[in-house]
Amino acid sequence: MIQVRYFARLRDQLGSPGEEMNEFPPTIGELAERLAARGGNWAEALGGTVLMAINQEMVGPDAPLKDGDEVAFLPPVTGG
Amino acid sequence: MIQVRYFARLRDQLGSPGEEMNEFPPTIGELAERLAARGGNWAEALGGTVLMAINQEMVGPDAPLKDGDEVAFLPPVTGG
Amino acid sequence: MRRDIRVQTEPFDVGEETARLSAGDFGVGAVASFVGLVRAHNRVGDEQAEIETMTLEHYPGMTEKALGRIVDAAAERWPLQAVTVIHRVGELQLGEPIVLVLTASAHRRAAFESCQFIMDILKTEAPFWKKERLPDGKERWVDARESDGKAAARWLGDGVE
Amino acid sequence: MRRDIRVQTEPFDVGEETARLSAGDFGVGAVASFVGLVRAHNRVGDEQAEIETMTLEHYPGMTEKALGRIVDAAAERWPLQAVTVIHRVGELQLGEPIVLVLTASAHRRAAFESCQFIMDILKTEAPFWKKERLPDGKERWVDARESDGKAAARWLGDGVE
């Protein structure tokens, strides 16, 4: 099982702060594609520029997923 | 008459905070040469890198002198 | 190197933080700092708009890690004696301080450059997001700026300055 | 642009000055600052030496004019809303602040660059001189640094940064 989290504008677009998934693909990039394939807001939210993190570290789309991971999809950051 | 002022290390080397001069050459560079020609500490102090100011503005050696000017010779600055 | 990284809702005291940074360390000759403030006339879409309040969201846990990495990267590039980074979250009013970065070094160039480096990288890598509320009550997430990406990118080549 | 230039023997309060700089001006989004401190391990001739106190002399009248010109030059190069420059003179102890430069702008790059510019030019053009007293009672005028001349010179070409 992995925990998937959505933040800021992305969370508002998806109407969800996150979800748990028992089944997940081998990489975070494939997970993003699978989520976008839900269509509607999902396609829109995950089709644009999205940052990805595993266990609170930024990663690229090829990063592998494993059981117990905390996975996050983040809009481009705007702090400071 | 012009007022000539010496600051910091230069003043210590010359043993004087300044002097008044009734007669003076046409430019500040020539004044520096005339002072250096006094020899000894004067030659030493004014022979190295010296900044020059007229009426509290930095100037180059060709800057003209006129009656009433406040002339200053300054060592390289070390503030901040 | 001493480091102090905080994410908090409370305001910070720039004078106190500056004094604390160098207290007792007589090798510090230079302290550079940056304070970012909630500014009016922010760009919303194509229009300039007055904002009423700003709300800062972050990713607790990841934020502290990201800030720690950025400070470490600065300490690798410049000889620093101390760094403080304080970033506020929650609701902030117009004119309120959002972020403080303080860097202490023996010499000013290291202090200046590392402070700017930390801000530039923070702007593109630390997981904070700003939402603005306009006087009409509308709320909008602030868009990332292309200029921030460029500012961060200039530190990544060899030719820093 | 608001400007506040002071030469004084008293210490300054960085927090108060920072708050004052942007108070009531909601167009300020970025405040950069620099504080220079009396540092131990200063170079005296070819040797490192602990210093006990530092005395700062200046050229009253000319100092204020020179600082004013430097601030004007910064305001011509960057869009600034406010600048504060405070430089202390007289006898200072180890660890005490010597100089404060604060620049306020809508954006951080202008604030950072103008702050560094003002310090770099101040270091080579403002008529201040430092004399150090060592623990053995000896006093020495501090030598100008070649690196300060280079730091100032890099702003004079077209290619800033």
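Letters A, B, C and D name the chains as they come in the text, with residue numbers starting at 1 for each one.
Convention: contacts are C-beta pairs under 8 Å (C-beta built on N, C-alpha and C of every residue); 3 or more make two chains touch, one makes a residue touch a chain.
Worth saying up front: this structure is predicted, and the values here are computed from it rather than measured.
> Report back the single chain whose CA centre is most distant from the CA centre of subunit C.
Taking each chain's C-alpha mean as its centre, the farthest from subunit C is B.
> Just how far, in Å, is the C-alpha centre of subunit B from the one of subunit A?
Centre-to-centre distance between subunit A and subunit B: 71 Å.
> So, what's the distance in Å between the C-alpha centres of subunit D and subunit A?
48
> Taking the mean of the CA coordinates per chain, how far is subunit B from subunit D in Å?
The computed centroid separation for subunit B versus subunit D comes out at 26 Å.
> Which subunit B residues sit where two or more other chains touch them?
Where subunit B meets two or more other chains at a single residue, that happens at 80.
> Counting only residues that touch at least two other chains, what does the list for subunit C look like?
Within subunit C, residues 36, 108, 119 contact more than one other chain.
> All pairs of touching chains, please: list them by chain label.
Inter-chain contacts occur between A-C, B-D, C-D.
> Going by the contact rule set out above, which residues of subunit A touch subunit C in the complex?
These residues of subunit A touch subunit C: 5, 7-9, 12, 51, 53, 56-58, 72, 74-80.
> Would you mind writing out the residues of subunit D in touch with subunit C in their complex?
Residues 13-16, 18-19, 22-41, 94-95, 106, 108-109, 111-112, 115-116, 119, 151, 161.
> Write out the stretch or stretches of subunit C touching subunit A in their complex.
On the subunit C side, the touching residues are 36, 56-59, 61-62, 65-66, 87, 98-99, 119, 122-131, 141-145.
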